[in-house]
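Both of the next two complexes hold chain A, though its partner changes from chain B to chain C.
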Partner chain A sequence: MQNFPEQQLRDAVAIIVICIGLLVWFNAGFFGHELLAQIAILAIFAMSLDLLAGYSGQVSLGHAAFFGTGAYGTAALTAIWGWPLSVAMPISIIITAGLAFCVAIFAVRLSGIFFLMVTLAIGEVFHSFFFRVRVFGGDDGLGGIPRLDLGAIGIDLLSPISFSMFTLITVALVYWGLSYISRSSFGAVISGIRQNESRMAALGCKVRSYKVWTFTVAACLAALAGSLSAQHDGFVSPDLLSWTASGEVLIVVIVGGMSSLVGPIIGAVVVVLLAHYVSGLTNYWMFFMGLFFVAVVLAGGQGIYGLFEKTCRRLHNVKR
Partner chain B sequence: MLFEPTFLANQFLNGLQLASLLFLLSVGLTVVYGLMNFINLAHGTLYMLGAYIGLSIVRMTGSFWIAFLVAPIVVAGLGAIAQATVLRWAGNTDPMKQVLITFGLVFIGLDAVRYFWGDYSYSIPSPMIFAGTVSVWGEPYPSYRLFVVGLGLLVFLVLYFGLERTRLGAVVRAGVDDQEMAVALGLDIKTAYFLVFCVGCGLAGLAGVVAAPVLSVYPGMDMSVLILTLIVVVMGGPGSLRGAALGALLIGMLQTFGQVFVPALASIVVYMLMVGVLLLRPHGLLPIRAK
Partner chain C sequence: MACSKKLVGDCTMLNVNNLSKSFGALQVTQGVSFHLNKGARHALVGPNGAGKTTLFNILSGELAPDSGRIIFEGTDITSYNRWRRVRAGISRSFQGSNLFLESSVLENIILALLACRSPATNVLKKLNSEKALKEKAVVIATKVGLKDQLAEKVGDLAYGSQRQLEVALVLALSPKVMLLDEPTAGMSLVEKKEMLSIIESLSTNLSILIIEHDMDVVFHVSNWVTVLDDGKILFEGTPEDARKSDEVRSRYLSEV
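Entry: the complex of A and B
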């Protein structure tokens, strides 16, 4: 019996989505480019959470903490201390990795609902830290963040056109990297941990250290997204780290379809476009997002891509 | 000034008052967790709804006491509706699914409150009998706050004896101890769970009404309190009534005295305590099941 080509389908859909992004890029106006960059940044952030929640099964409600530290790290290093962005970006990601590692060491002792509650509380610690500390602008936030200088190879990222392309390429790279991880032995182990933790432990796998590393890698990618977002907006505020931010990205992952990597990209497209059009019609956009989210979870929680994959799987089986 | 006994006594009472509110909130969550391994993330939303519904009732009738009695019942009713519809449709095979649904309800509730009551901050005046102050070591102290402390204590005693001495309490305890065995013995865990869930929702609503004269009523009050409540539940040991009381007392005191002595670090101190407790005792201070 021929197996269902799960990975090939995902890659194909991801390539199609990114190509649509390119098509849009060629035809978009100023606002289109802004929207495209916003979708791309959210997609990276959501894919990082998918690695954590969808693959290793650690559903976090505090992931925005790392998005925020990436953004604040970039902002503080460039706008306050005047470092060049090409140094500030990797450094802020490394700082986030260190913090995430420390958090993970104790957070991975818990699982399921406990993990969710504790990450929510940790997210609030980060939020209240940036909200209080005056060096980082407190509740006023911090502005004046430059964008990466690629002038050496003749690209001016200050224009929204090249910046949106830059984010689009980053999405493609992150997708490629994460799908590589998910197919590697590391990916197989963390999937195994999600499906049956005690069995993996019985097989002699160091469950905790795998969980810590997954958490750290996911936090690094979130920091990358945060750093891009700081460059995109030129401004950071504690709102980036609030529980609503963590909640929204979890919604993006679940609406798009967990543990598929391409699902979160689709989720980011749907949620940003919906947010854009619905918030034009009503002030109460979160109400409708909440309803939509509850509906998706009730429908089985597979999300948009999950349903698509299920349909394809059925068709594949019918053909045989 | 900071170490005067009267000042410290006042802060101690403030801590007790916060502990009392946190206890009202966490007790529903913790017992429901013990029965169904499910945490209602919309619990803070119910608290907020309790406060807002109380506000509307006070405006309509002018009486705090009507609000005090009616708002918790309305909130318990809303909880019952949510339980009977969306949470039941989700099925109880996978608690994570239900948790995510209640998380969606948080967003829905927040915007619903903004829609019906607006983005403003309100307050309910204290009821007439408790409008004044009483003297505590020579310092005036608002008597309403003492009423809140007394209410928390009363609810604790009622629930404690309810769980220890009544038939329903015995069923609930059996369900928490060993669900499968309790069901095999023919106990109606589902109904007990439904009742406990509704009572928990009602208590969250009660906490909202009672908090309204002390703290202000605003959209977003749900999350600030939910996080503290979750910490209480996790620290005390999920499922445990005494754990919830102990956790509420610890967090209430730490939060109050932290705000006074180290205002910049107060919230961080609370989280650090939780981290410490979880590292040393992953199942909480007073775990319900010995592991």
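Entry: the complex of A and C
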């Protein structure tokens, strides 16, 4: 009996999507590169949430808080204190890791709807902090953020062409890293925690420790996306941390297909392109986006990639 | 070494001392004391609501007792949490199906083998390259008679096979004391027989405390019986004595 090659299919689709990205990159104009970078950043953010929600089963409505601290960390260190970006970027990710670790220690004691509510509340705390504190520009936000200086190796990230390539490569690396984690024994344990947390605990697993580490790693990757977003826009505002931002990325993960890693990439592509083209057609674009999300969820709730995988699985079984 | 059944001594694995637990006004466990010797086959019986599963929850660390002590191999483990008890050597099974339904039989057993490792150890290992683990899992599956269903998804498994897997997960933790919560409940006669032979085949170094409703099963597998009623110990002795005891008969056996 030949098992369905689930992981190979995911890898293949991820490679195809990234190759399409490269093709687009070669042919895109200025605006195409902007869109490409936007999609790539959202894809990284969504993949980080997929690790947390899809793999370990901790559905969070406060994930944007860590996207925001990554963005604000980068913004504040460079625009206010004048640090070079090559230092500011890792430091902002490390600061986020510390914050996420502290949040996780308390948050992972809860699960399901209670975890959702506590992450929502913590996310709003972060949001109001950046909304209020004048040092970070308060509700005006903070501008004047530089991009990573790769001049030493002859790359000018200020040009949208090289910046979009930079984000595209980052997507590939993040996918590779996360798919390594999902295939490791660690990945097996967090999937066990998602399926049956109390049984995992009865098997002698330090469930909380696994959840804290997953939460922290997911937050770091969200911070990476946030830092890239700050560099891309050259501007940060408290809106980045609002709970609606957390909700939107959760929609991206669900529409694309949870616990597949490649699903969130597809979700990011679909959501960004749809928002772009539909908003050009009608003022009621949000309405049509909503209809689309409802349609995807009604079609089995496994998202776009979930449906695709299901179809492939059927074909595979028929052939057998 | 022959272990005296009544006395607490060198071969006592688990010594439960005066455990009590109440939920509000409801006293579910009242001053329960007993001990489990090495290699014991000890049955815990009693009517529904007698507090058998609560006692298991206290022993496995899911519930903290209000008072009393639990001594395991001479160490007081009353304050230990769940994973510390498992790592000390006490592991339990569950009454209903409490498994990883989306995973295969083999994956379930492998999960049980992985659970005790730290996150850092596990993140450095590729699951597919853990050959030794897989071999170990196959050995355990063979022990419980699931060798031919390794690749099957647990959610699609027959009820009896799920119960067998339940025992496999406990075995995977290589415990010294096994707490089996109604391993034959709801089984057909054939399935029951298979489960009994699995339990009989387990190492005699292993101490087993088993909750059981079916008195035939109790007489078959156990050599010592504790009857629990209303959270208190009603009777302790050999299965033969339990059958003869009028008290046990009036409170329990007559009801079945």
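As a working rule, the second predicted complex is superposed on the first by the 317 of 320 C-alpha atoms of A that agree within 3 Å, B and C clash if a C-alpha of one lies under 4 Å from a C-alpha of the other, contacts with A are read in each partner's own complex, and residues count from 1 in each chain.
What we mean here is this: contacts are C-beta pairs under 8 Å (C-beta built on N, C-alpha and C of every residue); 3 or more make two chains touch, one makes a residue touch a chain.
Quick caveat, the model's predicted, so the values are computed rather than measured.
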Let me test your reading of the model: by the given contact rule, A:82 touches which partner, first (chain B), second (chain C), both or neither?
neither
Partner chain(s) touched by A:254 [first = chain B, second = chain C, both, neither]
first
Have a look at where A:280 lands relative to chain B and chain C in the superposition and call it first, second, both or neither.
neither
With both complexes superposed on chain A, which partner does A:206 reach: first (chain B), second (chain C), both or neither?
second
Per the overlay, which chain contacts more chain A residues, chain B or chain C?
B
Is A:128 contacted by the first partner chain B, the second partner chain C, both or neither?
first
With the two complexes superposed on chain A, say which partner A:187 touches: chain B (first), chain C (second), both, or neither.
second
Intersection of the chain A residues that touch chain B with those that touch chain C:
none
How about chain C: which of its residues touch chain A in the complex?
60, 62, 82-83, 86-87, 91-92, 94, 98-103, 107, 110-112, 114-119, 121-128, 130, 151, 169, 172-173
So in the complex, the part of chain B that touches chain A is made up of which residues?
33, 37-39, 86, 89-90, 95-97, 99-101, 103-108, 110-112, 114-115, 223, 227, 230-231, 233-234, 238, 264, 267-268, 271, 274-275, 278-279, 282
In their complex, what parts of chain A are in touch with chain B?
59, 61, 106, 109-110, 112-114, 116-118, 120-122, 124-125, 128-129, 132, 243-244, 247, 250-251, 254, 283-287, 289-291, 293-294, 297-298, 301
The answer for chain A against chain C in the complex is residues 1, 3, 181, 183-189, 191-192, 195-196, 198-206, 209-210, 213
